[in-house]
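By letter and in written order, the chains are A, B and C; residue numbering begins at 1 in each of them.
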């Protein structure tokens, strides 16, 4: 909880002023969530995932040297830059950590960054990339009927994972404050920190923001459940019957981080890329021998929920779900994670 | 703006080259590759424990997790015995001496040769080409012979021609500090050794669990039928170590492919006690 | 945390729903079926859930309304494999399934393509009045959030939101384009019918959806294709919802040889959608499941629609996408 002790100084300014200040920053790119513009309730488009886990992400560059192909730590930008006729196009070496402002994502998505760090921090490419992200989170005034962040330990006012927190009361003015050192740093750089402070104006709101953060009752309850009893519970059978085993839930999920790695080579050059993969797919676990440890659909459906609500807890003491509800909205067959949580809770 | 060290990349393998290839099996499906680093200095960075594995990378084809067959004391090259199965291992099998490839590792844990195994009688049970990391382990035990009690090796393959490391087994047979039992599934011409499946031989040898640890590697079916004779002889699940195989990609416990319940075989394993495996979903 | 949502249906569909429940219970009781593939109410009123009933009392969970997005034929091979194969066939128990026009055409197709056996299924036919589009619903109520309660009448549908506001919409405004252009809403194969048959509908412009693409030149089409498919995340919901896509290993998953790349760059996503469409050529019933389940709103159905049109023109209006029981070549 990096945010709780950070001193807060509230700033009030218009969206336009914030945008133009950000626009004026050199060397910092930015992306604006649709939520920032319209403050529509709910998580909106999952833009943070594309920055946490861009795909395809080049891991290595492959180059023919003599009769063998060898590995290079260079980055290539896109497949079309892999032009076999052009020996120079691919030598784009990124030697700096790009700083990118993500503007206007919701607390659920900001929290996903915080949770994914737990799982992925050993991956240098991931860590360096997310170190360069500066999160301007937009707190929620109200949610959608599918939002359930508070049930999984988050909240509409949860600022974890954010660098700057923003409140939009719909009057065209934003109220914002830094919740991390990075947030202080960027607000200073934006030159909006010293002048426009409104002391104490939103003290109530900020105190209030801590009230519902981190309800751990579900976490505690799931932690105390016996893993194999949950695993062998009969209800997975019914969930499996409906499931199509597509990857919509996993790919829309901000805390699904599984990936696959593949080589693509064209003549003299190639790249090793990573891209999103899903434990819903039978290929995910298929051995070269043909043996498949999760060969039946029930294993795969169960794995996704068990990972989020039991295995991840075992490893990291947190639920790997931020309650954004995207999987609920987009599941073609109404497999509702809230219902599955309820079934898991009922297992004794 | 922070500088990015592009060499600080979990997925960048050591540049290496094939120095030697030994065809291990009569059907050509198993080859042992001796691999050396292109840059001698990389040897300084390389330390592995018996039981660990590495990702062998064929640029343009991909990576495959392969157990390290050489012992930590063999410093003139790494040995990997590779079964031809998928895209990458097929490409490896087609490579010649001198060909370049990548080695990413060492990855995973190893057998606890410095911990729980120390001072114990060691029973190694292996079937088929799963003997690879057990070769590394056996050589380690022999190098530190005084640290361990009795060493028993039970190893089986389908036919005499499918047995790995045949010359070394001849050397080990000559030693009086290893109890060696090599078996083949069915009678074969010119074979004068043991005949029978590994579980049968385990049953006959009936190793004592007293102050002992068993290290088992082999196909699932062999492991399944090896457990009852051990249990009958009084072995407890925490005395039995298994080395798992699962589909792997990242090798650092993130990508999810090798997960079995809460564990990542690549990072938490591949070596686990049977007692631990009993507590998690068996998705391997 | 999540309760079964409130969905009320009044009128024609209510009669069908009651009759469906009654018949399925009777079929269970008589031992005709051991399983039944249908829809039940879910946690979201606009998204009923496909399920497999296994006990007579589960017949009371069945629902019938205009929000049934997915073609249930998709579940037939799996249900067969998981529940009937290897079982003693002597008791003759079958899997029951409810089928509209296109669902029944896909069931027929699965039979012809040897994926399922006609004798193992008991089909209850219901003529379709057209299913509604989830995406149309979302965009219509963009500012209201998601409806918490739905009341369906014969022609109007009431959506009730969390602030208790009510929006009343004529259902035809939300009916999916594939349903609007469907000439065969009646089941073509069934053991019994619930409700009456409508007969063949005459559609004046069955392919007007794709006219705007056909009017473009090659560059324009390429631009349209790239733009319309750019958001694909390759979750394969379209493929997995498609009753035609039953291959044990899809061409996108093959690794030896690997036919196409795995990334979401246009080279790969466009190829995936093109090849999948061609795999469905002459087989697609235009059921619209692919489009209905896409979380990104990609119009992949327009590709198969165009192929249906091409097949019609190239093969002398055989109407390949529309199964005819009397077709001697089928």
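Quick note on the criterion: contacts are C-beta pairs under 8 Å (C-beta built on N, C-alpha and C of every residue); 3 or more make two chains touch, one makes a residue touch a chain.
Being a predicted model, the structure only gives us computed values, none of them experimental.
Out of every possible chain pairing, which has the most C-beta contacts?
Here the largest contact count links A-B.
Where the centre of all protein Cα atoms falls, which chain's Cα centre is nearest to that point?
That would be A.
In whole angstrom, how far does the Cα centroid of chain A sit from the Cα centroid of chain C?
32
Centre to centre, by mean C-alpha position, how many angstrom separate chain A and chain B?
37
How many angstrom between the C-alpha centroids of chain C and chain B?
About 50 Å separates the centre of chain B from that of chain C.
Using the touch rule from the top of the page, what residues of chain B touch 2 or more other chains?
Where chain B meets two or more other chains at a single residue, that happens at 86.
Taking each residue of chain A in turn, which ones touch at least two of the other chains?
Residues 260, 262 of chain A touch two or more partner chains.
Can you check the complex and tell me which residues of chain A touch chain C?
40-42, 55-56, 78-79, 144-146, 148, 151, 238, 241-242, 244-248, 250-252, 260, 262, 264, 273, 275-276, 278, 281-283, 297, 328-336, 338-339, 341-342
Okay, in this complex, where on chain C does chain A touch?
My answer: residues 1-2, 42-44, 47-52, 69-70, 74-75, 78-79, 142-143, 145-146, 148, 162, 233-237, 239-241, 253, 261-265, 267, 292-293, 295.
For chain A, which residues are in contact with chain B within the complex?
Against chain B, chain A makes touches at 27, 59-60, 62-63, 65, 67-71, 73-75, 93-97, 99, 119-120, 122-125, 128, 131-132, 227-228, 231, 257-263, 265, 270, 272, 274, 277, 279, 284-289, 291, 293-294, 299, 303, 306-307, 310-312, 314-315.
What does chain B use to touch chain A in their complex?
Interface residues on chain B, with respect to chain A: 1-4, 6-13, 15, 57-64, 85-86, 89, 99-102, 220, 245-247, 249-250, 252-257, 259-262, 279-284.
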